[in-house]
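Everything below concerns the one structure shown next.
We call the chains A, B, C and D, going by the order they appear; numbering starts again at 1 in every chain.
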Amino acid sequence: MIRVAIIGATGYTASESLRILLRHPQAQATYLTALPEECGPIVKIFPEFRDRLDLEVEPLELAKLSDLADVVLCCLPHKASMGFVPKLLDAGLKVIDFSADYRLRDVAVYEQYYQVKHTDTKNLQRAVFALPELFREKIAGTDLISNPGCYPTCSSLGLAPLVREGLIDLQDIVVNTVSGISGAGRKPGQAFHFPEINENYFAYAVGTHRHMPEIEQILSDVAGKPVNVLFQPHVAPYTRGMLATIYANPTRSLSQAELDELYAETYGPEVFVRLPGCPPQVLPVAGTNFCDVWATTAKGKVVVLSALDNLVKGAAGQAIQNMNIIFGLEEAMGLL
Amino acid sequence: MIRVAIIGATGYTASESLRILLRHPQAQATYLTALPEECGPIVKIFPEFRDRLDLEVEPLELAKLSDLADVVLCCLPHKASMGFVPKLLDAGLKVIDFSADYRLRDVAVYEQYYQVKHTDTKNLQRAVFALPELFREKIAGTDLISNPGCYPTCSSLGLAPLVREGLIDLQDIVVNTVSGISGAGRKPGQAFHFPEINENYFAYAVGTHRHMPEIEQILSDVAGKPVNVLFQPHVAPYTRGMLATIYANPTRSLSQAELDELYAETYGPEVFVRLPGCPPQVLPVAGTNFCDVWATTAKGKVVVLSALDNLVKGAAGQAIQNMNIIFGLEEAMGLL
Amino acid sequence: MIRVAIIGATGYTASESLRILLRHPQAQATYLTALPEECGPIVKIFPEFRDRLDLEVEPLELAKLSDLADVVLCCLPHKASMGFVPKLLDAGLKVIDFSADYRLRDVAVYEQYYQVKHTDTKNLQRAVFALPELFREKIAGTDLISNPGCYPTCSSLGLAPLVREGLIDLQDIVVNTVSGISGAGRKPGQAFHFPEINENYFAYAVGTHRHMPEIEQILSDVAGKPVNVLFQPHVAPYTRGMLATIYANPTRSLSQAELDELYAETYGPEVFVRLPGCPPQVLPVAGTNFCDVWATTAKGKVVVLSALDNLVKGAAGQAIQNMNIIFGLEEAMGLL
Amino acid sequence: MIRVAIIGATGYTASESLRILLRHPQAQATYLTALPEECGPIVKIFPEFRDRLDLEVEPLELAKLSDLADVVLCCLPHKASMGFVPKLLDAGLKVIDFSADYRLRDVAVYEQYYQVKHTDTKNLQRAVFALPELFREKIAGTDLISNPGCYPTCSSLGLAPLVREGLIDLQDIVVNTVSGISGAGRKPGQAFHFPEINENYFAYAVGTHRHMPEIEQILSDVAGKPVNVLFQPHVAPYTRGMLATIYANPTRSLSQAELDELYAETYGPEVFVRLPGCPPQVLPVAGTNFCDVWATTAKGKVVVLSALDNLVKGAAGQAIQNMNIIFGLEEAMGLL
């Protein structure tokens, strides 16, 4: 049984990881930590786990952690994460990091978008950006997984087949997305106080969202050359799930049959990418590790629609998928 | 033109008052105040007022207030309110207080439920508890209006006809209510962070809600003798409006025709109490100053259903209704 | 592997049953039927099952059914159900019926509340009303399970300990409930068209709801004498889950410790009844087979709060729990 | 007092028109019609009008209509509308048509997108497409107003300044929009049954939405030459309001100051277009006739955000605005 610790256990990605681990036949949560003022029985923080999970959230003790766990899901925010990860690695633990700290290989881009100095560039170089459907071959041997962001996972799975084949203009891609409110985290604030976001809808971070360079990095890796993306996120009044609506210019005429075949070839063997053959919706992927994708053409453009659950395939589910890979388990274990 | 100041202008009861005043032909907002850290242009706080309302929210200056306003809507929380009201009255202003500080005549009950010492018992004695449909005759001459709570307004309008006529057992009344989330105010917190309350529903303050003694005071005044109520509130995931479902034991057999006639007689002349003749719903009263009421019998009990918008008839609308009364205007002015 | 057929496979209780069966280690869906005009691939009807479930929904053929299935989940509405059940039993199948047709032992009460003649009184007499936590000993040997209603399950689990011990007045019980909209079924109609129920809340079926006699039958069985309940349902704008807020008069003074002990004794051994020790909420039971219960006293009354997911413990989950019992499996199999 | 009839009085655009007319000082609803099976007291259909509006919805009688009304709001769907409009005009009434039947000047485009033969091409030629902020000078004298669609109003107000000045490539414009569910009308169906759309989000009508040629017609009129738009709508789980997120390629470098100035010049005199100077949101325009617009640049593209209430500025409010114009009233009368 793989013993899993969660650092930063009071947020939504942590509760979602716990929900998945409860059904995982070969892994279980053994140690949960948070800031001292947030500690207490897990059922006080997440009452859905009553009678299911008898753990305390405790302040982190490194010795205890390395005694109790084989792998750490590091659910801290950026900046905090890179303060802990080196210690975890030094203690011989495998680390799956949910933050942005080990995602962007270019330190300058990281520092520009996150407005903080990177303090662990050493480990950054060896971290594996682990989006299994695109970079599976790099994941197996590693002990430092950088778990991709929700928007980048959603967008890149939608775009990768076209980018890899050079079927779209790599310099003119618009990724328009919407996310449910769980994507904003568990900490309350004015913008996501119920009466302010209920019956509301808005765009944010125009031209400045931190997932934009991450999407570009992924697609550039896939293409083997630089890709330029305008990424524009929105939020809508529901809890879970996201949809990317992607607009790109084809480099040549593309038929629906050709698109269907391209996506079927790319994702046919993939358990977690589904091809509904029509516009995917958010509700059928909610609570699952699936990403539903459909590509078509309209008015001379390629339009790709891609939907996933931001907390599952966009975070905790993908993390467990990566955990399965690095421990040599069946990749879908506990995730169906 | 009546000049209206709002103290505590950054909450939902304030924004609702402003929304109503924008359509009021004989009153207008002239001065808005808040704590220094919350101040700024009103359109930054409530963007719906862009191009409609060109006011700054400023720290309170008493001299400026008495220069600029004839009446003050005091939208502060309890305890804060009784710190300001004496000064406002001394400055010669009329005051409509939204807080609980001047609602409960019995200081001991106030101090028990609100866990704070009452510091303005002098004005408490002369404040008028202004639920117009029940106590209209006391309102006209006053300069200190205590604006009733949302739950008490909703419940009491539903029960008053039965209580006044002695048609129910006054010692065994259950008032089960639900409110939208705007009733919890504009300040964000964990419980009403969107992902925590969306798709959720719960009861709270079992046996301890502060509106329970207020309901009992109103109904005791109506009955001329003590009334005992078990009041149980709940919250549901929508923004505006509340429903009271009231269970009482009739003192004699009551026909539907008799109930209909009783309510028609009581509320026939009232502009703001409507009798739909079937179970009222929350949506048709949302955004209005109406309270929709229906009484019936079932399994030997009287069941009364009463619906209103907690921010309008339960707060800002009733305040403007009271303002109209004390200034001798048509009671419904600006409210239809 | 137990082979499960679902009749009436296009509704929410069917999709929820399928969702549970996908994780059940010893049962699987093998045959799905519906009216001819509703038939087609299950993924067209419920797109969440894409790549998970490769079944067609077909018009019912009895021979095929008895070839392919060991047990039938009969997800038909009342009246339709009693037309099929005798044939299913005759074909040697075990039947778990979700409708009301086999719930009320008193045919006259059934015919009064459902306004239809009962056409299968023979099987009605031997059907087992299967609420495991209250009537487990009767379930094991049967081949005709009448699966309880959602409101009755929620209310009765909350009240049973008090009723069994005679701690409340059995003639004066008010059960006030709220349900999410999935409880109204999958067929669209005006009342639950999104813009009509979103931001709305209302009471319905005042004094006439069909689950009222079912609740009374359960509690009378528990008490060993007649129980009288006023049951009042409401709907709120969310999808899943219900809360019962129950008001009763204690027959003697009850302390919180005594109540806590009573419920702990009653439900301690039960996997699916949880005792949070505070007001339960709907969200922590959503998607689970748990019923969370808390009892307290307030203003001279006993107040019981009981929450469950109407589609799981209130329908499909309880059905699978019952299936596990009649097939001698661990009762919680596939349900955690 | 202008007397207003509404044909097709049982839908949301009709109820919204009635809500506005109740506050209009110089117009009132006098005659409401619908299909015979939908007729009855307006308060049975829209309970929010209880005690406000004492009208029956009746089957249309042309003689009665021309006796009782000066102007008709024709709230019928496309195809139905062009069957009635000629008769209304012949009866000497002014007509404001909410349908698509008189919007597209090119009959072939209409017949392609609406899949029905146009039967009133005579009146089509003289109908005025009445988006006041863009085509005000054509509206005053007419008796046949074609009221624009919600998406076209929202998108065109956002794009018009750029298109008029030739600041963007007119052949490569993406208009990505989201609408609340009221935009789908009041008739219930599977897709907008509460449990199916709550917690859901999706794109629809990829490359085929009927508002696409309408947007292109408006912008081509503004530009004086053909404009090509890829329009992609989505729905989100809230009731009212829409947001357009528009992506275009600037023909030359544009500074924020230049964009701000352009929009301020264009819309400065307009009552109903507001410039918040930051991304507009849906909630602040809900229930109002405002369209909030902001333009900026990002990653080499122009991004325009435009928000309005689909039922008000996108339908009923704009209709009343047009009514005010053709009757020589102040344009904003009853709309603030």
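Here is the rule we go by: a residue touches a chain if its C-beta (ideal position, glycine included) is under 8 Å from a C-beta of that chain, and two chains touch if they have at least 3 such contacts.
This one's a predicted model, so the numbers in the text were calculated from it and none came from an experiment.
The greatest centre-to-centre gap from chain A, using C-alpha centroids, is found for B.
Measuring from the averaged C-alpha position of chain B to that of chain D gives a distance of 37 Å. Averaged Cα coordinates give chain C a centre that lies 46 Å from the centre of chain D. Multi-chain contact residues of chain D (touching two or more other chains): 180, 196, 198-199, 237-239, 281, 283.
Taken chain by chain, the contacts link every pair, so each chain touches all the others.
Interface residues of chain A facing chain C in the complex, by the touch rule stated above, are 22-23, 43, 46-48, 50-52, 199, 271, 274, 276, 281, 283-285, 287-288, 290, 292, 336. For chain A in complex with chain B, the residues that touch the partner chain are 12, 180-182, 186-190, 192-199, 237-239. Those residues of chain C lying in contact with chain B across their complex are 174, 176, 178, 180, 196, 198-204, 206-208, 212, 228-230, 232, 234, 236-241, 243, 245, 247, 279-283, 286, 296-301, 303, 305, 307.
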